[in-house]
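There's a structure below that I have some questions on.
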Amino acid sequence: MSFFMENILNFVCFFPLIGVVLIVLWPKGKEHENGVKWIANIVALIGFLISIPLITAFNDPRYIDTATGMRFVIRKSWIDAIGAQYYFAIDGISLLLVLLTTLLGFIAILSSWSAITERVKEYYCYFLILQVGMLGVFMAFDFFLFYVFWEVMLVPMYFIIGVWGGPRKLYAAIKFFLYTLAGSVLLLLGILALYFYQHSVTGVWSFDILRMQQLSIPLELQQWIFLALFFGFAIKVPMFPFHTWLPDAHVEAPTAGSVILAAILLKMGTYGFVRLSLPILPEATMEFLPWLLVLSVIGIIYGALVAMMQKDMKKLVAYSSVSHLGFCMLGVFVATPVALEGGILQMINHGISTGALFLIVGIIYERRHTRMIADYGGLSHIMPVFATVFLIMTLSSIGMPTLNGFIGEFMVLQGVFADPIYKLWALFGVLGIVLGAAYMLWLYQRVMFGQLDDPENRNFPDLNWRELTTFVPLIILAFWIGLYPKTFLDYLHAPVNQIVERVRPGEFPLLPVQVAVKE
Amino acid sequence: MVESLLDFLHIIFGQIDTAHYLVLSTIVFSIGVVGVLTRRNVIIILMSIELMLNSVNLNLVAFSDRLQDLSGQVFAVFVITVAAAEAAVGLGIVISLFRNKETVNVDQIDLMKG
Amino acid sequence: MEVFLFYTLAAILVVFAIFTVTARNPVRSALYLVSALLGMAGLFFLLKAEFVGAVQILVYVGGIMVLFLFVIMLVSVREVQGERRANRQWKTAVVLATVLSVELIFFVVGGADVFRTEAVKQGVITQIQTANTQNVGQMLYTNYLLPFEIASILLLVAMIGAVVLARKEL
Amino acid sequence: MLNYLWLIPIFPLLGFAINGLFGLWKVRRTGSRPAKPFIYSVGCGSVLLALLLSLGCFWELIQLDPEHRLVEQELFTWIHGPELRTVSGELVNFHITWGLQLDPLSAIMILVVTGVGFLIHVYSIGYMAEEKEGFYRFFAYMNLFMFMMLILVLANNYLVMFVGWEGVGLCSYLLIGYYIHKKSAGDAAKKAFVVNRVGDLAFIIGMLMIFSYFGTLDFTEVFEQVGEMFPTPEATWGALSWMALLLFIGATGKSAQVPLFVWLPDAMEGPTPVSALIHAATMVTAGVYMVARSTAIYSGAPDVLLIIAVVGIFTALLAASIALFQQDIKRVLAYSTVSQLGYMFAALGVGAVAAGIFHLMTHAFFKALLFLGSGSVIVALHHEQDMRKMGGLKKYLPTTCLTMWVAALAIAGVPGLAGFFSKDEILWRAFSSGHGLIWLVGVLVAGMTAFYMMRLMFLTFYGEARVSQEAAHHLHESPRVMTWPLILLAVGAFLAGYVGLPDWLGPNRFGDFLEPAVQVAYPPPAEALPAAEPLPADEAHHVDWQEIGLTVFSVTVAFIGIYLAYYLFLKHKDKPAQLREKYRAIHGVVYNKYYVDELYDLLFVNRAKGLGRFFSAFDDNVVDGAVNGSATITRISAWLSGQADIHIVDRIVNLLAQFFDSFSTVFRRFQTGLVQRYALFFVVGIILVISLYLYLES
Amino acid sequence: MPEIPQIDNLWEFFRENSAAIGPQLQLIIWGLGILCVDFLIPAQKKGRGAIYALGGLFMASIHLYWFWGISPGPAFYNMVTLDFFARYFNLLFLAAAFLTVIMSYRYLDIEDEQHTEYYALILFATAGMMFMAGAIDLVSLFVGLELMSISTYVLVGFLRSQKRSNEAAMKYFLLGAFSTGIILYGMSLLYGLSGSTNLNEIGRQIVGLENNTLLVLSLFMMMAGLCFKIAAVPFHMWVPDAYEGAPTSITAFMSVAVKAAAFAIFFRIFYLAFGDVREIYIFALAVIAMVTMTWGNVAALTQDNVKRLLAYSSISHAGFVLMGLVAGTDLGVTASAIYLLAYTFMNLGAWSVVILLRRQDIPGETLEDFNGLYFKHPAIAVLMLIFFLSLAGIPPLAGFIAKYFVFAAVLEVALSSGEAHSSLMVWVAVVGALNVVVSVYYYFRIVVSMFIRKDYLPAPLSFSAGLVVVLVITGLFTVLIGIYPEPFISLARAASLSLT
């Protein structure tokens, strides 16, 4: 058991590969496809289950690296010639994202059961490889390793969109690939610049992210590196002017692809900002802050407005992502502790609610094969369970209190508002909340309310048990975060405080923990 | 410009030295280049290339004289050898080409482009 | 005397070189090239490089040019009257080649100062000029033994290559 | 029993969970609906339990010493965020708990909510009896609403209050859109929610401000600090004023005040019990409650109080005038509700918090009753709501008619009934605090109210029957499950006023009870609110006469309204048409609700949509296009050919695409296949390299 | 003027010096052997020449292995050396030649041009490359270059009955000879200026001549000629045509080995001879590198012929390798060396798949020929995908490590203090980075054909044991260099250290 626990991150990250091997070895042919599906589902489920000890043992002193405060550190030499290491570790931020990934990976795979009928073996292989790439990004604390995983997931995602996507899948897939790759290569240049600077200061060739977080880089260099990193992450997020790949990719991708894309892939960009841009380049971040806020806010409002006008459900949800991630970025960039924590929580929330919304769109798409809002109407007559789930997720997305979205949004807003200089940016954020309610409820109304007059829609079956199973964990999480976010926020305090200490040194010292429940 | 023009005049009317040979070789080299660029017949192009190689030899030998060093002359011998080898292979290519296409005009040889 | 000889030979070289690249008939072109190469050989002699000069005449005039003529006879027996000599790009080409040569000469003349400011060294060539061939030979077989051997392989390869390419059946 | 305070909202929540989940499960499993008795017993039973518990709590509360009538119960930590700096530079934790509090104000509210709510639940059993599909859904939503409303009023901090605040909005959305097959219902639901959200926007910003000034959102802590942090009253516009104003804007959304009142009349698309419960008795009063709750803050912002008073009375006037001409019975009541809410805000604005809450309570009774009565009529007429197609229903619906008379007279301000006491209290307070104009308008509105309520009664129950033949055939009184709630509410509407007698008649128990809960943080400046102070004893007698005189005046006005209605709608029935003809222009404007909806569409909705459309096109054409241009050279030309757009931006993109296109063709054209061309490039390359050197050197 | 030495004991002399040319000797001997035994091989079994060629390559490898740890000094009067740089490149050439030979024999059967001379010429060309890599003297360098070039001219025109092959040979030859003339012109001037043909000596002599226009001219002429050999823009025009017309196996060989050899002498000359006069050429070279990357990639975007597409891609890769030279540091050499190594495997792999598609009567060169390959031969398609991803520089594959190093090299210079060309270097890096993106587009056009389109051409692929071995080896190394590049990096680093 201790071997398992000591190498748990390896297991969590690479376990899906076992599934890949099994699936490749599995016999071909239509009659064996169910086996493939079972393997993929079971592997993904186990992948999720073995990530649970990460929480239970998170505070176990045996697995805490005392020097850095990281947990479950695995550190091996890899490419000595350039100082790149095989360095896996997690902290609170990573923990949440890793668990989100394993959970949503499982859900996405489960949701594909009947949606994917062609080239089943490949599909699941790509999905499991994608899973490895995403998990690696969130665990890698070596910049080189980070970059490797960062790029690795591009290829399976390309295929998932390109093979199983909609009519313009090839266009969308290559657009996704090229766009994000353009960001990544610039990111690579930024990484190299950091690498050389760190060597020139310390004389050590190393890609260790935690070491880089201790550098104090001259402002001008910081600005250049920040720009390089910014392109990489902003395209991934995507922030306002770099977002145009997103609607295309989402619309064309198969349901599970959209789910993963929205829930996890986009988080890699925000995670990059949180993990790298902010703590490594604090002064540059502050220097660029007004511009970053402008872009975030434009993203919030612009995304919402464009979403309002969409006729295609998936596009609508996709643009809502642009808007929601604007929120995340607003919180992250302002970098007061509350805002940053809210931003990170909002990343998780967006994963849950937008992931679920894509599942929802996928479910009716599977029944009728159109995503045009106008083709539906009155579905709640025949699909009451679905209507309920849809409603909950809509509310989660528009920030209804007691559901997850509200906590994140409110913390972001409160955090922004607490900044003496940029407080008024919070107002734009609030505007986004109103617009969000408008387009999401309009969508809900057009799809679920009204007469069920289209004969093609008459015989939609309600959710089956498998479909319901995909939603249950998300709904539970949505309420959990909405009602008792402390569970999640507790993991974030320490890392967030470290980041804030870099960006705004001395402004927000840790207060002693107080239990403020009045009796 | 004026200075180099004066230099040029000085070279023409002064004692014959290495610079004369260099200029001469450059002229011959340029003539060869013109031949390569303008003639249609492959064989004449090949001959123009020979001219270019020869101009190099002139350089080498002139330097050899100037430096009182035999390496240049040896180099020139190698250049001649290589020129011979190239000529042989080149003419072989011309023949095989002619056999298939019935032409030695380079501007009619554009099967592959774009 | 040296000046006279230089200019005469240079004139021969340049004029015949021009003829070579402008002659309509490839045979004539070849013959002009022979003349130009002879002029070149003369220059070599003028530079006291007897061995290179001799090789020039033997290999070039005696060998390579014969090969050329042979191939010319083989492939382009009929000469179409009125067929263009030059390709379509020749005007551009001439202009560009002129630009290039101007640049080359500009650079050569600019850099040739090095050779004029220093006094000419009294080296081996003037000292033992009678033994030029011997010296070259000795160098070929000692200092340049390896390139020499490689060159032999090179010639072999050229031979095989020519055979491979030119033979009807292999 | 106070320890079980948290159970009060939990019961309805359980009811919601049981009904909702069981219903869904049953529907999914068998395709049929669960049995109605089960559903309504759960639905009503849970509310009944909540009511009983509320009564118990209330009882215990009044046993307490008036100074200590504040019970707080913190359940668990909600958000425990990291450090935050307040405006004063103090470092605090972003800490918010799930907490409830019971004080006189919330005690009254829970009684109203559970009491009226219970009756309406019972009424719904009858009203919704014909529903097949959504019966379980209806009760589930109603229970959820009860839960949310109770959370709203029981919250001990702003954020938990906001949970209820949004939650009731959600339930309102769900219940307005209850008839899911009706498009108008869906539209109305969405409109209600979004308009509410506009108000919430201000509420959220208000909360942000409160937290960043006080470092907490707890009511008690905030209100303590208001006094501490602002030791002198701010006569000028300050942070407190902003907070107050923002919270008030939030209230205008929920409580349908100008300018955000437009959603409430449309909300009548929902089932009538919903209108009664949510859009008359409880939810819409949440704004009033919230402002009353924040009295401490408002007392530091006298300017805002004035704004509230003006907005309130203006809303009252506007809505009353619209109500004069409405033909839809429920719309009359809806505008009446808006108007009465305006009254309550006017009360708050003039500093008469207790009076406002008092009116809130009485209004809950008689307005719920009115709605339920109208529901009874509507059911009897098979969902006919147009008053022009009613008339003479008294003989068919005697109980309904009678109970509605009680309510109508109550709202009209006929002495002795609940509405009289509360309304008069407000008018008196307005007058005595020096807001003479508000008092005058208030009296006018009272007259108008009397007029349109009587119009409603006469048109509906008297005169000749204009009911269609087939509807008339089935006319009968509603079942007892519907009439009993009517009767109980009528009793309430009759008696509720007696807890808050005017000074000249007896003790105002209600006001005394409420006083500690709505204490001001510090007294407003003397010149702003001269009469808010308790009046000196020796002057009381004199003042009494003044008060009585004013009361007589307002009652007279109300009776004039009643008589006018009688004259126009019962005596000379052709008059209204003549008048309508005569003042066609004015009537048109008022009848069309002053074109407010159209104005909003023009100003905001269309702008937002237009902007969205513009951005959408921008996104498709420009941002996207630029990317395509650099990524896929060939595709873009094909793509662009399909674009007939001749905008300048498009033309630029076109040029860019052509540029790249020619770039690619040029590249391929270089590759002519002619070897000498290649050699020429070689030469050009050398020339360029040398020229580059020359250029760099020079 | 060095003293003319006397060789007293030829055997002794040879014994002392031959270590440095051992691999070349093996190749030449075996090549001659093939020619000698040719008449013994029956006409139908000329493919046996491949076995002899493999023997030669094997022996050369053995020799290389013997001398791996020992560094024989400069031999033959400073003509040639077998330093680590040379050994590194020799290894690379041997690998390329080995793979080329085993991928060829079935291909030549299909083309119906199975002759033993082919294998001999490959061996000679490889020997020529080795001489180039080891050359430290202009003369030996030149002769080695010509040995390689002339062998390659012949190999390009080896399909004598095909017009495209003739044409390719003609174009390659004419331009090659032209570039030879230009390189020679540069060499002659360099000789004149420095008075020596030894590269180290030249490097010492030209110090102080930075402003001499003759030196500049000589440098640029040599640069132009070498750029021709490595196919850098605007000297690249022959590449698409020659690559398209040549036998595919030779195209593969040219695109890796010939290019690597040209880079080897490029590095030798520019580090040993011109190392101190970087100021003259750095800007021009940077511009060439940037233009090369971009031109190659953009031109490849619209190609439908896979051979031409890969030809253009190889042009852009030359631009990337040039980045190492632009950096002009140890890391630069390391980067280019590792790039060339990675490129050898991934590019040969890609070409071998193209060969696989050359079937009887089907050229197998257009994009359509790749349609649906995945459905018929998933393993091949996946391998091709790996090669393409690697070529595009996606981790964790060899191409990524390669690209990483060239970017690192350039950025190291950009960030080192006191560097005058910082912004230039940054530009090079940024242009390179963006080109990575462009390249993905056309590689993925083929990937789309293979994986998403379905109309598969029913003819069977031309499998052979040799091709399978090639695919396995190249695939293996492409992944291995990506995942565990440590040993390869050490090799490349050692090579770079021995150069400077």
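Residue numbering begins at 1 within each chain, and the chains themselves are lettered A, B, C, D and E in the order written.
Throughout what follows, a residue touches a chain if its C-beta (ideal position, glycine included) is under 8 Å from a C-beta of that chain, and two chains touch if they have at least 3 such contacts.
What you see is a predicted model; the values in this text were computed from it and never measured.
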**Report entry** Steps needed, at fewest, to go from chain B to chain C via touching chains
**Finding:** 1
Report task. Would you identify the chain whose Cα-based centre sits farthest away from the centre of chain D? Result -> C
Query - Interface with more contacting C-beta pairs, comparing D-E to B-D - result: D-E
Report summary line: dist(centroid_CA(chain C), centroid_CA(chain E)) in Å evaluates to 30
Requested in this report: Determine the centre-to-centre distance between chain B and chain E, using the mean Cα coordinates as centres, and give it in whole Å.
Outcome: 27
Report summary line: Rounded to the nearest Å, the gap separating the Cα centres of chain C and chain D is 100
Report summary line: CA centroids of chain A and chain D: separation to the nearest Å works out as 36
Query raised in the report: Mind pulling the chain A residues that touch 2 or more other chains?
Result: 174, 178
Query raised in the report: Taking each residue of chain D in turn, which ones touch at least two of the other chains?
Result: 631-632, 668, 671, 673-677, 679-680, 683-684, 686, 690
Report task. Could you list the positions in chain B whose residues touch two or more of the other chains? Result -> 18, 22, 29, 32-33, 36-38, 45-46, 62, 66-71, 74, 78, 82, 85-86, 89, 92-94, 96, 99, 106-107, 109, 111-114
Requested in this report: Give the pairs of chains that touch; include all such pairs.
Outcome: A-D, A-E, B-C, B-D, B-E, C-D, C-E, D-E
Report summary line: In the complex, chain D touches chain E at residues 631-634, 663-664, 667-668, 670-671, 673, 675, 677-679, 681-682, 684-686, 688-690, 692-693, 696
Query raised in the report: Of all residues in chain E, which touch chain B in the complex?
Result: 1, 4, 138-139, 142-143, 146, 150, 153-154, 157, 160-164, 166-171, 173-174, 177-178, 180-182, 184-185, 187-189, 191-192, 195-197, 240-241, 244-245, 303, 308
Query raised in the report: Considering the complex alone, what residue numbers of chain E touch chain A?
Result: 385, 389, 393-396, 400, 404, 407-408, 411-412, 414-417, 429-430, 433-434, 436-437, 440-441, 444, 448, 451-452, 484-486, 489-490, 493
Report summary line: chain E contacts chain D in the complex at 170-171, 174-175, 178-179, 182, 216-217, 220-221, 223-224, 227-228, 233-235, 237-238, 240-241, 280, 283-284, 287-288, 295, 298-299, 301-302, 437, 441
Requested in this report: Mind listing the chain D positions that touch chain B in their complex?
Outcome: 668, 671-676, 679-680, 683
